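Across the two complexes that follow, chain A remains constant while its partner is chain B and subsequently chain C.
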Partner chain A sequence: MTGKKRIKVIMAKPGLDGHDRGAKLLARVFAEAGMEVVYTGLRQTPEMIVEAALQEDADVVGLSSLSGVHNYFFPRVVELLKENGLEEVLVVGGGIIPDEDVPGLKDAGVAAIFGPGTKTEDIVTFIQEKFSSN
Partner chain B sequence: MEDLAAEVLQGSVRAMARIITLVENQDPRAFEFLGSIYPHTGRAYVLGITGSPGTGKSTLTDKIISVLRRQGHTVGVVAVDPSSPFTGGALLGDRIRMQRAAGDPDVFIRSMATRGNLGGLARTTADVIKIMDGFGKDWVIVETVGVGQDEVEIAKTADTTVVVLAPGLGDTVQSMKAGVMEIADLYVINKADRSGADSLVTEVRVRVEQDSHIKEADWQAPVLKTVAVEDQGTEPLLEAIENHRSFLEKSGRLEKVRREKTRQETLSLLTEEISCNILEKILGDGQFDDLIDDIVAHRKDPYTSVKEIVGTIFPEEQ
Partner chain C sequence: MFEKEKLKTIKTEKEKWDCGPVEKVCAKFPERKTTFTTISGEEVERLYTPLDMADFDYDTKLGFPGEYPFTRGVQPTMYRGRFWTMRQYAGFGTARETNERYRYLLEQGQTGLSVAFDLPTQSGYDSDHALSMGEVGKVGVAIDSVDDMRVLFDQIPLDKVTTSMTINAPATVLLAMYLALAEEQGVPYSKVGGTVQNDILKEIICRGQYIYPPLPSMRLTVDLIKYCYEQVPRWNTISISGYHIREAGSTAAQEMAFTIANGITYVQSCIDRGMEVDSFAPRLSFFYNAFTNVLEEVAKFRAGRRYWARVMKERFGAENPRSLMMRYHVQTGGVTLTAQQPLNNVVRVALQTLATAYGGAQSLHTNSYDEALCLPTEEAVTVALRTQQVVAEESGAADTIDPLAGSYYVEAMTDQIEAEIDDYIQKIDAMGGTLKAIDEGYVQKEIQDSAYRFQKEIESNERVYVGINRYTMKEPPPTNLLKVDPRQREIETEKLEKLRAERDPKSWKAALERLDEVSRTDENVMPAVIEAVKARATVGEICDVWRKIWGEYRPKEFV
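Let's turn to the complex of A and B:
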């Protein structure tokens, strides 16, 4: 198990809602897929999330939101990552995100949005494929 | 690749995070960087926090960080959680409890998965401590995985080891056992507002007293009570840690222990380097597989065969 690069994921819930079932489930799904997942818990500010990504040298930041704050929080995380020289970090989002918001989030630099009903293995595959080349 | 070691020494957090990843992955470049950082290490004080899962190690660590920061110290934290022996993945959850430090540029927290190491730390934890030390952190706090009874690597890694206990987990005999209970420089009874805390304090004090009858020791481990979530008992805990530190320094013990630590670390680096090189030679040609065939078929035995292989590598010693 040593001597091998493992995909490191920061799993975070920005904003004030307390619905972390999805985030927790995905944290476990990623760990089961062999990734190292830092679960940061509820009520994260974009600054806290980016700092965690910086210190943990994360490959992926997973954001989960249910309360409608995604249009502010997700792009803000992408922006702060760039400011800290972490533009290579893959940002993915999930939760309750209206379809019409998805193009805007993608334009802002969020790589993918996974809504309810997405198969967990599809999310895992999406991430693994992004890192299979390096 | 750029000179990450120089960047770390100049205070780049990003470079520190990246070197730690290389070290975790046992990347050959990591050793070069560690070599450049080493002359700048030896200044940080290393505090180990260990104990069973759920005793409150992370919450206590968070409170200790706060006290150290109020005193003006910079802090590095290595928080270790277990890797799955089945998938190799890991859920690293210690950071959740350390949110008060978030946003403080003088606190650097790194979660580490054990990646198959069984002693309560990751195999590369000692190297990660050195990177934080070289970066200039005054204190490095190492939180082990939730340990059972036998994971005592932290005692060889930290200057002061705190064993965290909580009431409700076992009877007196638990506190008499070997292993984790032996390595404490300080005991903390956390969740001390719960029932059973006082009797646990007594049990552990009895153990410490028994220890003083059984073995020569010039340090008697104090037993302290804390309620970490309420931030109760943290200041006295820090005082007790400082007491232990000055005991180590004044008695010359710190120097002795660190020398022994250096010896062990160098020895294991050497062992690893030698065994890697030699194993490459042995396993490189197909002969080893042929040998296994012979051993499986009971034409040869493994004990004599191993002696023979070593004999061909070091003929003069046989």
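Let's turn to the complex of A and C:
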């Protein structure tokens, strides 16, 4: 990481889901791991999330959903990022996401899905490795 | 409770035991940990003795079931009279599909209904609103108008069941629909029984389904309470909820403390609106979580009941015994479930059910073992309901009241949790009340700190979680998960189009105008809301009237 700017993460809650224990917890964990974190709060549309990524010059967008709307929201965010020239941004997701949905989300451009019980340090490592190789 | 001389002897004997056998064994076989704590971080001693109950006074601390301070329960016979209400929270897809699940559950011996609404309904949006995209019928049933409500309760007589509705910001609207439906069925308001959650403060603290800023939100809450006191006497007007506070990461003591703090705010708001405390307080109800540490949960429930009774009596001067009772619903802990080895969750839920029974709840929802993976399948829901039936019918936990009373440990833990509750209430009072404490992010921060501590304990293996950080194994991906029809939104949108084309535009417009007018005064909004739903105004249209007047709440984020 030396000489490079800190990894900047947007943590976002797409849709109307109010469960943000995980999102807030990760925001704290990322900050402690030396990343810069912006938490968007609840009820974000894909447009709002991408706008935040644009404004904040984000490296990573973390999406959290527990209400079963990931198949719509996550690909939509990736798509809008591309449309805005932000295809470099790493998109990761978490929440209640059935295994069978994961391949589809990955095909759509979500780099990883972290389900319940994932160690936070594994998520941190995943992100850091993505950026150390660049 | 114990004679002084006797306590002295026990003290001497205990010191001998500590220095003798205990020390000897520990020298050879050290204990598993240096400190033992509950899942909430409460320290747990090696052994509890009468010394931990030295100043225990039976009358002031416990009393009798159905009597002040209600530590042992709110009814004189508790489950010997009848079991707690087994009430499974359910709802998904269309009103028709949910109605089928309800009728199935009633046939299986469930004794009350509990409606899960989808997120658009909970946030006051119609199914065809842009923000409803992807959410329609997902985590609950989509209800846009009284037409959907009619389908939801098809062939279910509203004077024979009680219905709990998890609805908060638009609680007035959904209750209005339920009442309009009762009227259609020929059931007088006096015979309608049930609960609306109507607890906006915990939405702002941690659940996120708010619409309006705190003050107008509180006004709607109180309007509903007041209206029901006058017109729907069997309705539980609010379910003051610790459940979500616990899910968000709080400890057991924080769950109880912040819920009671919110309760105090509601009671004060009703009093400020000119209501007598004993008029509305008997219909207040509560909603808690149950985790797997059985004894801590039991202590939490007992401590909460005792503390609330004192608050109502001493702080608010309530005299009606029903005003002093903390009656509550429990749901087993959603966050305690693991996606790994999901069948283990059946055991967790069974222990949580036992804690609920020992704790003296009035009703219970047991989670399904597959809920960390998806919405529950019918098979999983059935096992969850059967778990309650096994505990009720076979375990014996329901046969005597408050069976853990007098346990040195449980009484000590009850006192310990009560002291923590008191500490928080004093702090929040000093800050100027819950609304201030929330605005400053104090309550949210306390909860997040606990969530963080717990996560660290798991990741450092300090606390063992079966299937997560120990006893893990490779598993095939789960199968047989429930799927919600992805065309939900289209189905609902079509229905909405039909509704808007069919209804009488004149009476619809007049009803919404009337609502707008009333909402700008101090008059109770409930009658106007009932008229609006009868004129087939939708949830979104009614909520928009208030969005225009009051604006929308945007919280500061405290991370």
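Keep in mind that, in the parts below, the second predicted complex is superposed on the first by the 129 of 134 C-alpha atoms of A that agree within 3 Å, B and C clash if a C-alpha of one lies under 4 Å from a C-alpha of the other, contacts with A are read in each partner's own complex, and residues count from 1 in each chain.
Everything that follows uses one rule, which is that a contact is a pair of C-beta atoms (placed from the backbone, for glycine too) under 8 Å apart; a residue touches a chain by one contact, two chains touch by 3 or more.
Quick caveat, the model's predicted, so the values are computed rather than measured.
In the superposition on chain A, contact is made by A:M48 with chain B only, not with chain C. In the superposition on chain A, A:L16 contacts chain C only, with no contact to chain B. With both structures placed on the common chain, the touch criterion links A:E56 to chain B but leaves chain C unconnected.
After overlaying the two complexes on the shared chain, residue contacts for A:T125 are found with neither chain B nor chain C.
By the touch criterion defined above, A:M35 lies against chain B but remains apart from chain C after alignment on the C-alpha atoms of chain A.
Contact with chain B, but none with chain C, is seen for A:K5 once the two complexes are overlaid on the shared chain.
In the overlay built on the shared chain, the residue A:A27 is in contact with chain B and with chain C. Of the two partner chains placed around the shared chain by superposition, chain C is the only one that A:I96 touches, whereas chain B remains out of contact. On chain A, the surface touched by chain B in one complex and the surface touched by chain C in the other have residues 27-28, 37, 39, 41 in common. Chain contact summary for the complex, chain C toward chain A: residues 119-120, 122-123, 125, 130-135, 138-139, 203, 206-209, 247-249, 335, 338-340, 372-375, 448, 451-452, 455, 459, 467-468, 477-478, 481, 484, 486, 554-555, 557, 559.
Note for the complex: chain A touches chain C at residues 15-21, 24-25, 27-29, 37, 39, 41-43, 45, 67-69, 71-73, 96, 98-100, 115-117, 119-121.
The residues of chain A lying in touch with chain B in their complex are 1-6, 8, 27-28, 30-41, 47-48, 51-52, 54-57, 84-86. Residue ranges of chain B in contact with chain A, taken from their complex: 13-14, 17-18, 20-21, 25-26, 83-84, 87-93, 95-96, 99, 102-103, 108-111, 113, 115-117, 123.
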